[in-house]
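Okay, so chain A shows up in both of these, paired with chain B first and chain C after.
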Partner chain A sequence: MSRKSIRQAINEALALEMRRDARVVVMGEDISGGMGAPGEQDAWGGPLGVTKGLMPEFGRERVLDTPISESAFIGAAAGAAATGLRPVAELMFVDFMGVCFDQIFNQAAKFRYMFGGKAVTPLVVRTMYGAGLSAASQHSQCLYPIFTHIPGLKVVLPSSAYEAKGLLIQAIRDDDPVIFFEHKAMYDEEEEVPDEAYTIPFGEANLTREGDDVTIVAFGRMVQFANQAADKLEKDGISCTVVDPRTTSPLDEDTIIEMAEETGRVVIVDEASPRCNMATDVSALITQNAFGALKAPIKMVTPPHTPVPFAADLERAYIPSPEKIEAAVREVAAA
Partner chain B sequence: MTSKSAASEPGTSKPAPAKRKAGVSAPPKTGATPEELLEYFRAMLLIRRFEEKAGQMYGMGLIGGFCHLYIGQEAVVTGVQAALGENDAIITTYRDHGHMLASGMDPRGVMAELTGRRDGYSRGKGGSMHMFARERNFYGGHGIVGASASLGTGIAFANRYRGNDQVCVTYFGDGAANQGQVFESFNMAALWSLPVVYIIENNQYAMGTAVTRSTAQTKLYKRGEAFGIPGQQTDGMDVVAVRDAARKAIGHCRKKKGPYVLEVLTYRYRGHSMSDPAKYRTREEVNKVRSERDPIDHVRELLIAGGTADEAALKEIDREVKALVTEAADFGQQSPEPDPAELYTDVLMTL
Partner chain C sequence: MSDTIHPIVMPKWGMAMTEGMVIAWHVEPGGTVEAGDEIADIETAKITNVFESPVAGTLRRLVAPTDEMVPVGALLAVVADDAVGDADLDAYVTEFQANFVPEDADDGGPEPEYVEAGGRRLRYLKMGGGGTPVVFIHGFGGDLNSWMFNQPALSEDRATYAIDLPGHGGSTKDVGEADAEEMARAVVDFLDVLNIEKAHLAGHSFGGAASLVLALRHPGRVASVTALCTTGLGDDINMDFINGFIGGKRRKDLKPVLELLVADPSLISRDMINDVLKFKRLDGAEAALTAIRDTVFAGGRQTGSLRSRLGELRMPCQVIWGRDDRIIPAHHAEGLPNGVAVHILEGAGHMAHMEKSNEVNRLLEAMASV
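== the complex of A and B ==
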């Protein structure tokens, strides 16, 4: 056990699974870097260094730099998975789904069902999401609601280093196609993480705070912001439960409903664009199943329905912040 | 809706006049043995009779949804299958019944899938376009044009990674050849020297658009040139020519020389699907191919001219094949509908 960043936790999860299982291969653009060039081998190790060190240990047969051809290598990863390999493909930014979505939602997601249960597709697609690095409109989106919409995919949103390691190992051992979302503004965040391999099951929400007054349901990076808001509110006598669903598909509906019923006051925090996102989905879930227990209207904290802006001040205004969450909780608590 | 021109397919009607005249006295020269020719005749006839029956059942409302018949193209999969090793993989698009039968899948299971029944290969959840049989190394019929290219490239990658000498034969059509992921896949397959044969079944029409109207360079076997992938074009109405070209292509991959593009010139007699208006080409064009280049009549003529079989023997084979197809059709109609609970199963392996 030692303090590790999310970057280290993910790297460690990949290395542990590659040591354990020769069927695991990783592929993506610049995940090693320097392939065939006279410069440094493993020069890049992924755009933000997450996969650095894998190539020297496992070699180029298992750590594959791909051409900038997402259709081809995500499709190839799906095809290889159908034969029994366990590829972990890196889609550098989830915004690039536009050039390989067919391979994910029409191919990998459908094999099991449309082939009558005969196909197994143990594919993991790791991908970066989220605003906060001034990466502008085409490199900052969340988009996980789109994947959540597709039956046949599992969608994972780790909220910390401990969560990232356990959920990624689970993803690699899982026999279904899994989309694993890594927030690009969180890679340096640290916490205590065991050195050995461990798994966190999908579809089991985690309560990061437990309180009596308001239930906050938050996703991915927003769990951390919700925790910060909850800690501040606690000092003012408003105690919150924070629910981290961990996976949007499968979704732990029971825990969300139960926690909504316990306090009767709900705030949902989602960094994805507000129309048809997880906040609207969870809001519908709660109103359908726990309407009688609600003491106040549900409040959603989301970005505005705009593309993600570049300028730092505009981007700050765009992202749901701990302050916005705090204000929403106060409103719901007072209603 | 069945096409009006369905009534007399070559192979079903009285012997079509032999247009490829063999030598009058000497048996025609071919690289195949009489036994092989008989085997190909039977295999192609099975596909044709199966497809005729499927078309008929579609017209009667016993098969629904999309249904893309392979009639006219039988020599392609039959020739390629004859060149495959036991463990080589196959993946294709949605015009896939012929590929399934050629790979040895049970006609009863295929028909029961067309009718959407419990005993279909996909338990009634895939239909005409979506069946999968790992035990036959058949990795599916896929409905999105071009998708088989990247998936097949991945199957080839897995074979290379495992260090075996298996080849993946990846079929798609002249329409799919214009999809971007095909070019991306070519580049990656060449870069990684993957054992994949891309077979472009050029049946001249992408739905209703002629290849000359959709494609700047109509010599599709040249599509790999920019990536250093060798290519060859062959007559897809001649099963032995297809087999020999496929042997060469597969041998290239087996020797770890990287991918290969094989363009097979063929022709589909029926529409793109069952709802094809059939107005983009003339009936004369279709009839001309059927009477002059039919792949089954071609082998029939070789067999008779070579003295391997007479009309009566070939009729007997036809009777046996028809019995198999009738059995499959009965099976497809008698198999129960899927259990209603099937709606919810196999979305994921584990919840």
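== the complex of A and C ==
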């Protein structure tokens, strides 16, 4: 056990599973770097260095640098999964889903259903999401609500290094296609992470704070912001429960409803664009199942309905912040 | 009379502790304290514990407000003789506060180490140095952190080692025969590799039985043995706890199970539950626990009683139990051979070494100082 960054936790999860199971392969653009060219090999290890070191240990047979064609290699990964491998494909930015979505939502997501339950598709697509690095509107989106919308896909949003490792190992061992979202602004965040392999089950929310006054449901990076807001509010006498659903599909509806009922006051924090996102989805879930327990209208903290701005100041204003969460909680607590 | 000013600072209980909170003071400013007097209740993320004064004198200033988190090492109070003037006290507090730097979270004292022993990788935490060491052996489902309130206190005058048994904590999850004999063998392997010729053993629950087995098999290696709330002295075992511990996958399932461990259920914090969940998620942990259950508690009763053999022990031996133990009843401490000292602690459950750490530490210290 030692402190590890999310980058290290993900790298360790991949290495452990590749050692454990020869069927696990990783593939993607520049996940090693240098394939087919003379000169330095494994120079990249992925655009942010997450997969560095895997190629020297496992070789080119299992660490595949692919051409810049998402439709080709995501499709190849889906096919490999259906025929016996357990591929972990890296879709560099989730914003690139447009060119490979058919392979994901019409193919991989449907195999088990359309082949009468006889086919399994143990595919993991790791992908970067989220704003905060001033990477502009084609490299900063969240888009997980779109994947959550598709039956047959599992969708994972880890909120810390410990969570990332356990959820990724679970994803690799899962027999269904899993879309694993990594927030690009979180790779350096550290915490204690065991050296050994462990799994965190899907569809089980985690309570990162427990309080009596307001329930905050937050996703991915927003869990940390919600924790910060909760810790600040605690000092002012407003105690919050923070629910991290961990996976948006499957979604731990029971825990969300139960926690909403406990306080009767709910704030939902979602970095995805505000229409048809997880905040609207969870809001509907709570109003349908716990309306009688609500003491105040549900409040959603989301970005505005606009592309992610490139300018750093505008991007900061766009992202839901701990301050915005705090303000929303105060409003709901006072209502 | 002395003009020495003694700072009372936030203690560090366990590796993970970085901050704590005074819940209540048991002494008013101006009151006299003796070393060892209970002066405050301190809450950490893990558990609430009674804090004993390390020094004697008059409690002149309460510096830390109650119900506020402060870092480890922060000034809580100042003890000094009445001869010390108020101005000197104020100057002392001002200077302390001006120079106080909370310890770096990355540099929080001793870190666990690993050793290859008997074909296994064993994790352990060493503290202190010299003397005849004390080796702490946790129970079923526990790990070296079980001793967070005991190991630092015992480490002042000697080396101490808290180990993770096979199947537990950060150690290899292969439990072999999955009984107390196997655990004792693993501890002997550990002693061999670390060149520890002879040690005082402190074992809790299943680790208590491992300590007793080790003392019976290798009397020359054991200076004394303390078995707390131990298995191996009777038939009864709370299988609701054992099965609930193995089967509980979620916090809300585990909470009532873990509450069986202590006399006061409010001691079970969310961090403790999370730590258990984190352990149980490790590859091989559930299989290891299941194997131990099916061997040691086969048919819902304890197997392999050591009771009839305790009389063979020639080294000092004591048995400590929490009166309200709901996992293994305290009456298992009755009718032991004369040479075995028995201490029943009121107001404590199965985790007596955490619940009544100060009493247990005194008993352990007495044993280790012989």
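Following the convention adopted for this analysis, the second predicted complex is superposed on the first by the 335 of 335 C-alpha atoms of A that agree within 3 Å, B and C clash if a C-alpha of one lies under 4 Å from a C-alpha of the other, contacts with A are read in each partner's own complex, and residues count from 1 in each chain.
Just so it is clear, a contact is a pair of C-beta atoms (placed from the backbone, for glycine too) under 8 Å apart; a residue touches a chain by one contact, two chains touch by 3 or more.
Source: prediction; values computed, not measured.
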Open item on the list: Taking the superposition on A as described, I'd like to know which of chain B and chain C A:72 touches: first, second, both or neither.
Closed with: first
- [ ] Report for A:136: first if it touches chain B alone, second if chain C alone, otherwise both or neither.
- [x] neither
Task: Which superposed partner A:185 touches (first chain B, second chain C, both, neither) - done: neither
Open item on the list: With both complexes overlaid on chain A, does A:103 touch chain B (first), chain C (second), both or neither?
Closed with: first
TODO: Please determine whether it is chain B or chain C that touches the greater number of chain A residues.
DONE: B
TODO: Answer with first, second, both or neither: which of chain B and chain C does A:80 touch in the superposed model?
DONE: first
TODO: Give one of first, second, both or neither to describe whether A:198 is in contact with chain B, with chain C, with both, or with none.
DONE: second
Open item on the list: After overlaying the two complexes on chain A, where does the chain B footprint on chain A coincide with the chain C footprint?
Closed with: none
- [ ] Would you mind writing out the residues of chain A in touch with chain C in their complex?
- [x] 1-3, 162, 166, 192, 194-201, 204, 207, 210
Open item on the list: Taking the touch rule as given, give the residues of chain C at its contact with chain A in the complex, in rising order.
Closed with: 16, 106, 111-112, 170, 249-251, 270, 278, 281-283
TODO: State the interface residues of chain B toward chain A in the complex, per the touch definition above.
DONE: 89, 91, 120-126, 130-134, 139-140, 142-144, 147, 149-155, 157-159, 161, 180-181, 184-185, 187-188, 191-192, 345-351
Open item on the list: List the residues on chain A that touch chain B in their complex, please.
Closed with: 25, 61, 64, 66-67, 69, 71-85, 87, 102-103, 106-107, 110-120, 151-152, 154, 174-176, 203, 250
